[in-house]
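Naming follows writing order (A, B and C), and every chain is counted from residue 1.
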Amino acid sequence: MAEIILRRWGGELAIAGAIALFLLPLLGIPGKTYLTLTIAGLAMGMLLFLVASGLSIIFGLMDVLNFAHGSLFAWGAYVGFTVFNLMMDWVEADSVLMNLGVFAIAIVIAMIAVAILGIILERVIVRRVYGNHLFQILITFGATIVLVELISVFWGPNDEVMTVPFTFRGNWDVMDVIVDRYRVICIVIGLLVYSVIKLILKKTKIGTIVRAGVENREMVQAMGHNIFLLFTGVFAVGAGLAALGGVAMSVFSLQVYPHMGSTYLLFAFIIVIIGGLGSVTGSLVGALIVGLSYNYVAYLVPWAAAGSNVIIMIVILLVRPTGLFPSGE
Amino acid sequence: MAEKTPVQLFHLEDKRKRYRRSDFYLRIGVLGLLFLIPFLFPSYKTVDLAMKIVIYAVLVASFDIMLGYTGILSFGHGMFFGIGAYSVAFLIGKYGDPSYFNLMLGMAIALLAAAALAVIISFLSLRVKAIFFAMITLAIAELAIVLATKLSGFTGGEDGISLSMPGIFAVSFSAGEFLGIEITGRVFTYYLILLSCLGLFIVMLRFTHSPLGRVLQAIRDNEQRAEALGYKTFIFQGISITFGCVMAALVGGLYAMWVGYVNPESCLGVFEIMLAVLLMCIIGGMGTLYGGIVGAAFYLITETFLPDLQHLARDFFPNALFLHNVLERWSLVLGVLFILIVIFFPKGVIGSVRDYLARGSR
Amino acid sequence: MSETVLKVEGVHTFIGQHHILQGISFEVGADAVTVLIGRNGAGKSTAIKTVMGLLPPSEGRILFRGKEIQRRKPYEIARMGIGFVPEDMGVFSGLTVEENMRVAMLIEDEATYQRLDRTLEMFADLRKFWKAKAGNLSGGQKQMLAIARAIVNDTSLLLIDEPSKGLAPIIVESLIEVINRIKDHSVVILVEQNFSMASSVGDNFYILDDGIVVHSGIMAELVHDEELKSNYLGISKVGG
């Protein structure tokens, strides 16, 4: 009986449970602080979504668990960092347009550069190990070592400070609730990216083929579609999303460092396990859960923040081992 | 005479060859060298290096039980290593006096704690898919580091815990001179750990050659087929994981005894320990057990002598820029080496050499 | 037999370590439905998967309209005009019927849309459930969708793997009708265990056993050859 309910209403139950869970901190947090924390959590969740979605799509279509995803994220952050440094007068200018301009340029260049890196990675390394999970993890882990070391070679091994564009700094005070400006930008970026991905997957032919491929690669091939080209393309898109996440996250956390990828890769893993590997919507929901709970817990019990995600992941694994959403959604 | 089954013939062949193969003498030679190290090269640096090679070789072997023999990649191996190290450190460092009993108790706690945690993690992740194991262990290992760092009242936090060995293993103990070398507690500790590691290694060898080990290899090679043959792959994988993790914890305990100090970074660190273990395992050869020795020796020797090598290169080959770059960027070289080995020599040094010899003798 | 469309010459295929096809040869002419029959595990499905490029042959040649295709990728083979309906139908159950058809349409031109109209006329149910998730269709409807996807392109050779498997007899009847209509436009190779279906659509037959062709000929003759049927198609006696 319980199983039937779970199967039929599992998704709805999970959502209801999640909502209840997110109102629960209200017991321990004053209302206005709660709102501020919620915005911070949503912003963080959206940024994490950018990392996790690429990982999830790549797994869904190609059945490849890309351990190098975190280092692609770090590469994106460093390319963005370089663009910021080259255009520092735009970053420091007291002009929304110039600030947005440099931010957009940094994102575009980082996405293109890392997408190219992703294509090389897929063509040279990942392609050799399709169908073998163990070797995929090993080889992409090896790629991580190399990519992170290359960051040290090009940019040096130390932490670098990322400058926040001038008009992105500071807060808005909306009826006594402190709203960090950049966090709002992050939320907008996340929603935008999610909508675009969903639109492409739902409405375009290539998106439909990708969804078909997630279900049955062999059949998509037998219908005359070059699955390897599709793999490369999806890998490049996933890498690009990681880069976008890297740029946005480095501005958020005010720094870049060579090993930054591993921290966020870990978040991404937890998110895709919660949301369901291969599902974009699952990545979004998982990322928001992680982002919000991280911020609430960090306020209530600071030392337990990092652990709360792992606990949520374990609970999800116990209740619904395949994650909240089935792959391909 | 009754016809022998292929398996029996294989075993006979194996036995017949055992004492004739050159690698048998190689093994005896390596073991002998390790036993003589404190007398041949009594400097702190060499003894420490030899001990760490031994410890890491066994750690890598325990990792190989899971990776090479079961096809399961764990990023939590460092955590189990750390659990063992911390158990010993708690018992003879932070919460107890150095006594033989507490030392044994520490090892026993390491064993039990590791077994319990390994069973829980296997249950959590194997229900889904074996690849989840890599992700979940990574997440849980990170959690372990955070806990060890943040719960500083209990674990000593980032400062770590210092410990001293009991009785004849204490650093201050001295049993006089023998062959011109002072026999200190360190020397006794060296032999204690060497013998323990040898014991663990033999247990692991027996494990992989047992019927159970063969089932695990069958699962690794073809999970569906093994399942179809009626093996509950889930349970066998769980057994292998638990065994490998318990071994890692015991090695961790031995490591703590040797270095006399544990902290989150050196005992639990995902990237510090896992990177080294993975590299050693891949370089030496997955699924060989002995690969750990080669991998650990290569990795630790180059790591220890890298600064010397860099100096040597600069002094003797001032114009060999490529050589300088290689040595300057050693981690990068290791990363590239790692990828190349996975692609071209997935069996590592030991496996490739074995293949080569097998081809030669045919 | 008129012009040869597909020629398979001495093909060997391994799946893992199992030697499934052990030098299989057969030819398919332009004006006939060819049926591959044989026991379970005889290599029928492997044979058409090998033709489709989904399993790489280790030896032998496969010629489609005179061109070697045994080394080509499945998508190249599909683009040469070979349609494939796998044993499990390969319907994308998370996609709607419409999306399934869209994925199948390689070029969206006038001719393709005409073929689509013609196909949907044949399969009225598909039009009815055009916006429904393919996963919610009945078994027979899924089979229709799978076939519709394969003929919406300009296919000149259609490989169908056990279409009658798991379907009710009345649906098998309509399948027979469909295949009889398809053969006006395209050459059909059918893998079939159900002898009554095989005999009512097939013109030629090949009997496979242990990865090789053991008999071939004209279907009309096989229908009366009780000895051959009981030797190689034991199932037809029991199952009917």
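Please note the rule applied: a contact is a pair of C-beta atoms (placed from the backbone, for glycine too) under 8 Å apart; a residue touches a chain by one contact, two chains touch by 3 or more.
Predicted model only: the values in this text are computed from it and were never measured.
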{"item": "Centre-most chain [mean C-alpha coordinates]", "value": "A"}
{"item": "Remotest chain, chain B as reference, centres from CA atoms", "value": "C"}
{"item": "Pair joined by more contacting C-beta pairs (A-C or A-B)", "value": "A-B"}
{"item": "Mean-CA-position distance for chain C and chain B (Å)", "value": "54"}
{"item": "Separation of chain A from chain C, taking each centre as the mean of its C-alpha atoms, in whole Å", "value": "43"}
{"item": "Centroid distance [mean C-alpha coordinates] between chain B and chain A, Å", "value": "34"}
{"item": "Interface hub residues of chain B, defined as touching at least two other chains", "value": "none"}
{"item": "Partner chain A, residues of chain B touching it in the complex", "value": "67, 71-73, 124-125, 127-128, 130-132, 134-136, 138-140, 142-143, 146-147, 150-151, 270-271, 275, 278, 282, 329, 331-332, 334-336, 338-339, 342-343, 346"}
{"item": "In the complex with chain A, residue positions of chain C that touch it", "value": "52, 54, 73-75, 78-79, 84, 86, 90, 92-95, 99-100, 102-104, 106, 149, 153"}
{"item": "Touch list for chain A against partner chain C, complex", "value": "205, 208-209, 211-212, 214-216, 218-228, 326, 328-329"}
{"item": "Chain B-facing residues of chain A, complex", "value": "65, 67, 125, 128-129, 133-135, 137-139, 141-143, 145-146, 149-150, 153, 259, 262, 266, 269-270, 272-273, 303-304, 306-307, 309-310, 313-314, 317-318, 321-322"}
